[in-house]
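Working notes for the structure below.
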Amino acid sequence: MVVSNTRFTAAELATQLKIGTVSAVEAVQCHLDRIDDVDGDLHAFLHVSAEEALATAREVDKDRAAGVDLPPLAGVPIAVKDLICTKGIPTTAASRILEGWIPPYDASIVRNIKAARMPILGKTNLDEFAMGSSTEHSAFGDTHNPWDLDRIPGGSGGGSAVAVASYEAPLAIGTDTGGSIRGPAAFTGTVGVKPTYGSVSRYGCIAMASSLDQAGPVARNVLDTALLHEVLAGYDPRDSTSINEPVPAYADAAVHGATQDLKGVKVGVVLEMVGNGFQPGVLARFYESLTKLQNMGAEVVNLSCPSFPFAFDAYYLIMPAEVSSNLARYDGMRYGLRVEPTDGRPVTAESVTMATRGQGFGEEVKRRIILGTYALSAGYYDAFYGSAQQVRTLIQRDFAAAFDQVDVLVSPTTPTTAFKLGEKLDDVLAMYLGDVATIPANLAGVPALSMPNGIDAGLPTGFQIIAPAKEDARLYRVGAALEAALEHQWGGPLLDQAPELTVAE
Amino acid sequence: METALVPYEDAVKRYDPVIGIEVHVELSTKSKMFCGAENTAGGEPNTHVTEVCLGLPGTLPVLNRTALEYAIRLGLALNCTIAPSCRFARKNYFYPDIPKNYQTSQSDEPIASDGYVDVILDDGETFRVPIERAHMEEDAGKNTHIGGDDGRIHGALYSLVDYNRAGVPLVEIVTRPIEGAGDRAPEVARKYVETLRDIARAIDVSEARMERGQVRADVNLSLRPTPESPLGTRTETKNVNSFRAIESAVRYEVSRHAAVLDSGQPVFQETRHFHEEDGSTSPGRAKSDADDYRYFPEPDLVPVAPDPAWVEEIRAGLPEMPAQRRARLHKAWGYTDAEMRDVVNAGALDLIDATTASGVTAAAARKWWMGELSRIAKQGDVALDQLNVTPQQIGELQGLIDAGTINDKIGRQVLDGVLAGEGDPVAVVDKRGLKVVSDDGALLEAVTAALAAEPDVVDKVKAGNMGPVGAIIGAVMKATKGQADAKRVRELILEQING
Amino acid sequence: MSTITRDELVHVARLAAIDLTEAETDQFATELNVILEAVARVNTIVTPDVPATSHPLPMTNVLRDDVVIPSIPLDEIEAGAIAFEDGKFLVPQILGEE
């Protein structure tokens, strides 16, 4: 009984909690047990906050027994990417440089979660400071894909995706700068949404690239992501880029979509996003999904976004430039790691800063800081950063023109399925190119969703839906429709086809 | 290796100095620029900080509306154009007192640009200083160096950092090259910064106390052979933190540049440090490629586009600027140029203005503040406005004299009482019983007694010799402890004698 | 398009305040050139008339009221500090300051 509770979707679990068939403490405990059972192999979590989660659950149970009116997801546990500050709970960004640091404040979205009375199970693994596409750049070890433990789960949010894919948590929070929610969703057969930039507060989410970062929901189905998005979203006066508008009804859009009626919906296929380098099986599943959309009444049209091939170029200039500045604060002076030089240089603030950053940051982080510093340095700004910001304008114009014609754009989320651990570690460019389809949405600030749409050679494939800014609800409507059609074909969620994980003794 | 200096007077005969001044003004908002931490001078270290101004991971800035308003107000007071839209930028460099290792500032998009400040020099002449820009930025924390010699940096063992000041809003005001000052360059520099201080106070955006670091100046100087020559290489003397020091730093650098140029060497572009003890400067670090600040638009803050109506509202609310006010008052009060200059230099302008507002003539007000009160202030080594007397009290005091209730001599006693904290002049007069005695009955008694004591006086006066009257008046004054109305006493004496 | 030399890389690492080992310097010099080559096309499609986009959504004038909030308690600051003395962060000696 207790183990099966982990199989509930978040929406189902919320209902069970409401009618009293499952208590919040039971809901938390079964997931903690599941973490105990399988996380040794997966390593989705960097920190499990069992006591805090159970304490929250006990309060929820007490209030529910007392007849207190509770928020919809009260008692539904959640895992939080370890890039997000949690007061009193270690927050490392998977970096040695922040090892042991405990924030004295909560991120605004953590406040939202606490207000929603959702127990926080723990902090999930990621590529250091969210830089990577495989979670192999965590300073604290790789996370493994539950579909094949020898494979990467995608990144940077591999931990959050694996946590939901392996039933360690019904819900998780991710962050997405160039695909860090959507890539892992595609590789693990889960659903992840990068909301419109500004939909979810960035306050307390450790910055990677400020103009691209956006936190969002991770779950096993579209409705659950919509429900969590409603909890996370909303105006935050602490974030200057937060959208000051009411939160639309995302869950309603998902429920509407699940009726599989897409009449009048125009779906665009961007030719530049389905071409070179895509794995044939990934393309095959993509076109099968298009057919399903058409079968539900959607009109599918091809269109061109000529500047999209340059999105990759702009991204790998803007992102590292912002990274180089955002990560300057990790200097060994105030908090986190301090390393003294051992090569005979005098111990000064300057030498300690350089030694701390040299040893405290991993290779990928250093690579991007150096690249970004170079791109911003005297004599190169215009050619690199300036031009990249102009390309950004072109990409926004392409999106605007496309959305004049269609309601949503679609593409495969990633060019391939999950690759082997270590396979791309030595080929930086190949790793970066894995984000080619997810990057444009970040540059333009528009929302995008990835959902599972099939299997290729035993591994899940991902389907990406992109909507205009502030039209996140369209993602949920179209996503829920496709999900219903696919599950009808599969006879249940795709994750049911994942191999059973070995339970630790 | 420093060359011998060229005497200043000699240097300015042969070279044309060009100065440039960067002034940082701390804005007196309640909270900091980008977070709600209290903006206050002093306090225990690190007790006015939030996660934002400590630069903790994940934190984000949000601009303080009042800081923006003050920056606009200051820009308008400097006759600048307010940018219809501008952005913040990050200035990236590593230093332990800036918690994010970048300073949020403005680079090529300042909130205010292209203005000027009219500076009144000591001789009353007006000199116009062109302003290139005034931009917003955040202040840094403060380092204390521990160990080694005198806590000076060389030999320090470690440093302690307090972030109370980190994130305090600043406006940096940058002049264009100030040309045409000639041998008065040091005075122009000092007067310019004094004028900025006066403006900042007048428009109520800063307490602008230089001794507290609320106004900080960096002084650039270059020399050229003639005013027609292209600009020479400049040096920047950092943190010249008193008005006297500004003047000294310019003088010193003029002498030093002249010596370098005379020897046929080029001036080395560098940052220099000012030494308060002897008014000299010494080289700091040279400009290097480490000064690559990698500015880029701050992505965590959105552009600022002040509503033109708001800007006009701020403009309409600006008070009269100090220079205009000074000119207006000068005319209204009818002081000579020298008198006016002394009043300004004594810091008595506001005091006299407030005193005349309570109905006293400008001449009388000046007499009090520049006379008796200046003397008392000097004795106590305090500023005039620190004396324990208000302009309103001086007005009341002069009013008592004008009404004949007391005379000048008693007035000074009353002032002593006010300064001693005995209350307003009227109260002091009451308490000390200092009213002028003009009651004829009491005076007549004293006059009769005095005349009786000097019987020959009556005859002398009757014979037309008025000399001895003074002696009788003196005797009466003595008998009445100085409270007699001298004019009335004289009348009574003459009445008595002439019957 | 420019390529980054090893000397430039050493200079950039210094600007970025990161100690790199000899091996890292060599490796990054090579890799950065690969990346720069891949992204160098940004120059080729933009013309001067294209405005730069620094923020994904157009917003202006996000301001907060000038209201004071409580400071973080000193003991919490100290708990998170690497080294603390007399209420201040203790850092190694700072050079280059008067």
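Here the chain labels run A, B and C in written order, and each chain numbers its own residues starting at 1.
What we mean here is this: a residue touches a chain if its C-beta (ideal position, glycine included) is under 8 Å from a C-beta of that chain, and two chains touch if they have at least 3 such contacts.
Computed from a predicted structure; not experimentally measured.
Undergrad: Determine the chain that sits nearest the middle of the structure, using the mean of its CA atoms as its centre.
TA: Checking distances from each chain centre to the full centroid gives C.
Undergrad: Can you name the chain that lies farthest from chain B, using the mean of each chain's Cα atoms as its centre?
TA: Using the mean of the C-alpha atoms as each chain's centre, the farthest one from chain B is A.
Undergrad: Among the chain pairs here, which one is joined by the most contacts?
TA: Going pair by pair, the biggest contact count turns up for A-C.
Undergrad: Between chain B and chain C, what is the gap in Å from one C-alpha centre to the other?
TA: So the centroids are 40 Å from each other.
Undergrad: Round to the nearest whole Å and give the separation of the Cα centres of chain A and chain B.
TA: 57
Undergrad: I'd like to verify one number: the distance from the centre of chain A to the centre of chain C, where each centre is the average of its C-alpha atoms, in whole angstrom.
TA: 24
Undergrad: Multi-chain contacts only, two chains or more: what residues does chain A have there?
TA: Within chain A, the residues that touch at least two other chains are 101, 103-105, 211, 237, 240-241, 324, 328, 331, 333-335, 349-350, 353, 373, 377.
Undergrad: Could you check chain C for residues that touch two or more other chains and list them?
TA: 14-15, 17, 54-55, 59, 62, 64, 72, 77, 89, 91-96
Undergrad: If I count partner chains per residue in chain B, which residues reach a count of at least 2?
TA: Where chain B meets two or more other chains at a single residue, that happens at 51, 54, 62-63, 94-96, 101, 159, 161, 289, 292, 294, 296, 299, 301-302.
Undergrad: Quick one: in the complex, what on chain C touches chain A?
TA: That would be residues 1-2, 4, 8-9, 12-21, 24, 28, 31-32, 34-36, 38-43, 45-46, 50-57, 59, 62, 64, 72, 76-77, 79-83, 89, 91-96 of chain C.
Undergrad: Name, in rising order, each residue of chain C that touches chain B in their complex.
TA: That would be residues 11, 14-15, 17, 54-55, 59-69, 71-72, 74, 77, 85-98 of chain C.
Undergrad: Along chain A, where are the residues that touch chain B in the complex?
TA: 84-85, 91, 93, 98, 101, 103-105, 107, 202-207, 209-211, 237-241, 321-322, 324-325, 328-331, 333-335, 349-350, 353, 373, 376-378, 381, 385
Undergrad: Touching residues of chain B toward chain A in the complex: what are they?
TA: Against chain A, the touching part of chain B is residues 51, 54-63, 90, 92, 94-96, 99-102, 159, 161, 289, 292, 294-296, 299-302.
Undergrad: In the complex of these two chains, what residues of chain B are touching chain C?
TA: Residue list for chain B touching chain C: 29-31, 35-38, 44-51, 54, 62-68, 85, 87, 94-96, 101, 143-145, 148, 152-153, 156-163, 238, 273, 284-285, 289-290, 292, 294, 296-297, 299, 301-307.
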